[in-house]
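Have a look at the structure that comes next, please.
Note that the chains take the letters A, B, C and D in the order they are written out, and that residue 1 is the start of every chain.
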Amino acid sequence: MKIARLVLFTLIIITALSPAVFGDNRVRARDLGIIIGDMEPGKYNAITDVPGVMVGHVTKNSGDGEKAVRTGVTAILPHGGDIWREKVPAGGFVFNGCGELTGLHWVNEGGALEVPILLTNTHCVGRVSDGVVGWMMKKYPEIGITDDVVTPVVGECDDSALNDIRGRHITEDDVISCIQGAMGGEVAEGVVGAGAGMICYQLKGGIGTASRRLPDEEGGYTVGVLVLANFGSREELIINGVPVGKELDVPVCGRGNAGSVIVVIATDAPLDSRQLTRLCKRAVIGIGRTGTCGHHGSGDFFVAFSTAYRIPHYPEARTFTVTRMADTHLDSLFQAVVESTEEAVINTLCMAETVTGRDGNTAYALPVPRLMEIMKKYNRL
Amino acid sequence: MKIARLVLFTLIIITALSPAVFGDNRVRARDLGIIIGDMEPGKYNAITDVPGVMVGHVTKNSGDGEKAVRTGVTAILPHGGDIWREKVPAGGFVFNGCGELTGLHWVNEGGALEVPILLTNTHCVGRVSDGVVGWMMKKYPEIGITDDVVTPVVGECDDSALNDIRGRHITEDDVISCIQGAMGGEVAEGVVGAGAGMICYQLKGGIGTASRRLPDEEGGYTVGVLVLANFGSREELIINGVPVGKELDVPVCGRGNAGSVIVVIATDAPLDSRQLTRLCKRAVIGIGRTGTCGHHGSGDFFVAFSTAYRIPHYPEARTFTVTRMADTHLDSLFQAVVESTEEAVINTLCMAETVTGRDGNTAYALPVPRLMEIMKKYNRL
Amino acid sequence: MKIARLVLFTLIIITALSPAVFGDNRVRARDLGIIIGDMEPGKYNAITDVPGVMVGHVTKNSGDGEKAVRTGVTAILPHGGDIWREKVPAGGFVFNGCGELTGLHWVNEGGALEVPILLTNTHCVGRVSDGVVGWMMKKYPEIGITDDVVTPVVGECDDSALNDIRGRHITEDDVISCIQGAMGGEVAEGVVGAGAGMICYQLKGGIGTASRRLPDEEGGYTVGVLVLANFGSREELIINGVPVGKELDVPVCGRGNAGSVIVVIATDAPLDSRQLTRLCKRAVIGIGRTGTCGHHGSGDFFVAFSTAYRIPHYPEARTFTVTRMADTHLDSLFQAVVESTEEAVINTLCMAETVTGRDGNTAYALPVPRLMEIMKKYNRL
Amino acid sequence: MKIARLVLFTLIIITALSPAVFGDNRVRARDLGIIIGDMEPGKYNAITDVPGVMVGHVTKNSGDGEKAVRTGVTAILPHGGDIWREKVPAGGFVFNGCGELTGLHWVNEGGALEVPILLTNTHCVGRVSDGVVGWMMKKYPEIGITDDVVTPVVGECDDSALNDIRGRHITEDDVISCIQGAMGGEVAEGVVGAGAGMICYQLKGGIGTASRRLPDEEGGYTVGVLVLANFGSREELIINGVPVGKELDVPVCGRGNAGSVIVVIATDAPLDSRQLTRLCKRAVIGIGRTGTCGHHGSGDFFVAFSTAYRIPHYPEARTFTVTRMADTHLDSLFQAVVESTEEAVINTLCMAETVTGRDGNTAYALPVPRLMEIMKKYNRL
């Protein structure tokens, strides 16, 4: 047993120390032997493990100095079908409202999601919102004529430390490409899409994802989480219980107390809006376990949806029938949210590469070999 | 047509002026020709028009002077069955939190009601809550042993102007009698149950109820409302759009800016917790149309439940199937809540008799003949 | 007395019947003798009666048929100073979340407003939001470099019945003109700014405003309200308690159950965020008294701010001193909100002229002579 | 350095292994060398480090078998003065509403606390609430006559695994003794007051407390937390990042997914209600770091107050002046809440002794020597 673990550890260290790590091929937390929680991830350990869920990224990376563009946009679609007419149940929660996730009032009031969820930088919320309206109008020519109008769901974090946020570099075309390019399967993490310029625990942050699959005897449901992680002070960083932030000596980037996080939760468990809001609240625990105390200035927004059933648009029939879970059986889903959220944040850090952006500001990648040493010191590998 | 209306009006005036009016037989608003809104009431124009809903009252009326007891307790049961194991979907809303409706956090979190709703005076909330626990334990010997514990739902208003509220005159036996005596059919209004000592627009207030039945082509659902009305300044009082409070010269009782209102909404429309909370919010409009501006110090609490389906207690199966309404079809229910709530408050005033209570304080009944004159002056009969 | 009233009434009717009424010079409710509530309005009976508050409108009115543009944008500024560094206390409330008021999470979390409030049509929220970012960046070159980023506050209603909403006709220049053109004094109402294409009770709606000034012995504070009114079914319309909607035979426009309302409340009373949210809730009553039951599909959003003190941006000192009202003295402010909100909606109807817009759809102006007859029938003049 | 740590560790182990540990003298986490977070605790590392705050306990411990009484009541007073007339600013938050903290609607609406906070078992909420009314009426003879009525603030957890909760063993006298016996200084922890029968992570839980003092250059404010801890499944338990629950082989007690937690937060930092609610939300992170995922069935309620200023009862003057913190300076307070909450839960476990209660059910104390081994294994001593 001990020998097996030693071999495993050696293999991990070798992997971690390989040049690839310092190049494009960063390694996810689980592949480093950092096993967060008890539940099993899905096939991709990603939000896309929930069948039908698709993710798209458009990354804008150009220039240097004052005009360095390090930003992007990320889209999450609950399914590839007609989302306007086949809405999904959804709910949200705001832990710390110092930011924006547009459309959340509508999600909570109607209990449904009827548009793709878009993530971007703070100053591009207007343009991305406008792009969603553009995409929806193209897709649904009756919108605004004989049908309703569109309320986009757009979340943001502030990437101004690395990105020329004043340039508002996302266009309607970027939004449309992002949505149309969304797909299932593996999800790119780290310096990609809306995560291109984000900072997390004053290291390079960005996009992260993870998932958990409940055992068959608990329904076999999947919970998938995608985070846009742009929060935390260095000294706070905790990875799987280990105070990594205090042990690292990598230079810090950005003001540690600013920043935000958007958490998108998907599941195929049949939940209603109220239950999905309950899931959202558990993501607070997942975020909190990575070390933050929820700084003032951090907009911490959560939105969850279920793909288990569809909510009709303007149904003839006044009633419809749904199967939903009993609240007494939610605990495994709650645990899945906590674990997935924590792991998604750590995946962000493990997968993001060093980026030099606006005015030469540099956000360093979490150094994996050093991380391995620290985790070993605390006997967590 | 005009003659018919004149005859009707004369009959109403005769009825209103008959001695009975000044005795026990007060007349409900609709019987006075005051027709609030457009929808049709149910058979009893009461919360009990929702099939299965039962109401019980225990009134405590004794003594005079310092120790005048003018109080009571009212119970609303969503059905006569096993409410603990066959919970009903429920939701609540707090418009003005300067008061108490215990258990509302649990109702909103779990989306269900599993106990009777009790109403009483502010200082008896503890004893009534304790009485509910007592009743539940008697009924369910496994509670607190192998099963969960009880979170009572108890709303209150302050009846101290007329009642020796310091005496805390409600006992566990009163609570049990009240619950066990609950029944369907006609509901006593005015100076009864928790309403015994309440004041509304500085007239005698108390319990009121009303209902609306949707046309068959909209589902034929019923909405019933019961209010414990103890709010409002005299000069604010509006009845069916008419500024009655400014025209009355009946002496005022109590501080007009204190007081509260609890609104209980029942329906057999298949709604979930989120939708029931949406119904609760519409009751604000109903209350507001009677003239109040929602004074500081007024605790305005709303709770709604549906009898359309049951939520299991600790089900073996992790999912269950429910039929629920599309939100796009809720408008008639919203209108039914507004109309029923407004009418329930006016019924309270029309049905409550003059009461002299603590220290000789007197809350006068709304004088019906004068009301008729005022309504006629504004052409609303 | 009676003769005086008769003379007054005759004058009002003459005024109302004068050709000007059917042209540009519509008449406000109070000038028609419709006196809502008991409190006195401020000098302009407008949100600008709160010293320092400024309102700007840009109206886009061009074309006909498919491409008829009947829209615009409206800006409300709490003061003419440095709003970013001298924020004002603010709070919001969502009665019915089927719409959007961006930035409200941030307002409620931080308890402050640091940007102008903008109103527009639903599909232009993104562009107007973007325009606010543009204006703020121009004014504050340090934003996004050494300072924070901007979260705009943009409310919307759906003007698609009259306007080519798919055209998204508001530009960043419009937003900047609107903000820069804001001023105190009289406020244009009806078919102006964001109100250009709005419909209210299936008549022509749009912008309305009103105010109340507390007596000196209650502090002499002013409450001002501005509404973007785009809600309600015809038959519901109530004006000062009178069921006007049932008596009118003007053709209806739009789906009566759609539509929304945004209410902006300003005061110079020294209130904190929690208390301002309490004010917002009272606006529900004001809206409700005009007849609506708060239809599904109506986004009813409320935001309030106080000009009484300023909240520093990034203060050196960790504490600052404020004078604020005791909650026990809020009732007059609550009443002022209810009255101003109700009157602002009625002013919208009284001031808006008939508009023919997209595809020839016509929203008729509330016909004043007929209104006068109806109000007289119910003895409310 | 290393030798110093070894000596310290040896001393801790000796202390921990000393017979006293298995008797009355359990050891707090910090005295065991478990240092949670970075900030310094106050003098007593207790909620009472906030000047003026007082805590009282009444413990009911008698009988065995079916009728074993293992319960109690705990009181927290914000100051020893006239709390009714000198209210303190307060705010609350409900993370998981499957339980009860009465009075929280009133705390949030009025932004103030005007009564002692009481904690007890679920079935005694009514009686304890009634006891608070009794105590208040005795102290304030004008209550319910010329003055307002009382809305108690009573939180609960379910101690039925160890306690005859059906017996409702708390009396009004117990409540009055508890309040009157409250004092500053050291706070008894573990099996005391409301904590007598509580279970935490299926070990013996109960009352815990901790505090943090900000450095003088950040204002020198103190944050103190008291928890009634009755939540969590064994395998979830994390202590200072270490997965202790998975390593322990002590028998479990109770259903791990039931249970609740009440967190009371005190500070002398000058905060208003909104800011105190922000503090409450950070306690979620503190709780979450001890391992729970916030099970359905767990009522997780938080209430915070500031002793920095007083809110008048019925002031003559309509305004009053307060000094309050800028939100931009709250981060250290947030961190203090997270650290204090986490440590208070661990103190509960460290201080609670093994208890055998109802029907012989036994909740074992966290075994300190084994804990030390586990913490050492993960290099966290």
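Keep in mind that, in the parts below, contacts are C-beta pairs under 8 Å (C-beta built on N, C-alpha and C of every residue); 3 or more make two chains touch, one makes a residue touch a chain.
Computed from a predicted structure; not experimentally measured.
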{"item": "Farthest-lying chain, centroid of Cα atoms versus that of subunit D", "value": "C"}
{"item": "Chain pair with the higher count of C-beta pairs in contact (A-B, B-D)", "value": "B-D"}
{"item": "Centre-to-centre distance between subunit D and subunit B (centres being mean Cα positions), rounded to whole Å", "value": "37"}
{"item": "Subunit A and subunit D, separation of their C-alpha mean positions in angstrom", "value": "34"}
{"item": "Gap in Å, rounded to a whole number, between the CA centres of subunit B and subunit A", "value": "46"}
{"item": "Junction residues of subunit C, two or more chains touched", "value": "96, 109-110, 278, 297, 327-328"}
{"item": "Residues on subunit B engaged by subunit A in the complex (per definition of touch)", "value": "109-111, 218-219, 270, 272-275, 278, 311-312, 314-315, 317-329"}
{"item": "Interfacial residue positions of subunit A with respect to subunit D in the complex", "value": "38, 95-96, 235, 238, 240-243, 257, 278, 281-282, 284-289, 292-297, 327-328, 330-331, 334-335, 337-338, 377-380"}
{"item": "Parts of subunit B lying in touch with subunit D, wherever the complex brings them together", "value": "94, 96-106, 108-110, 122-123, 125-133, 137, 143-145, 148-152, 158, 160, 165-166, 168, 258, 297, 299, 301"}
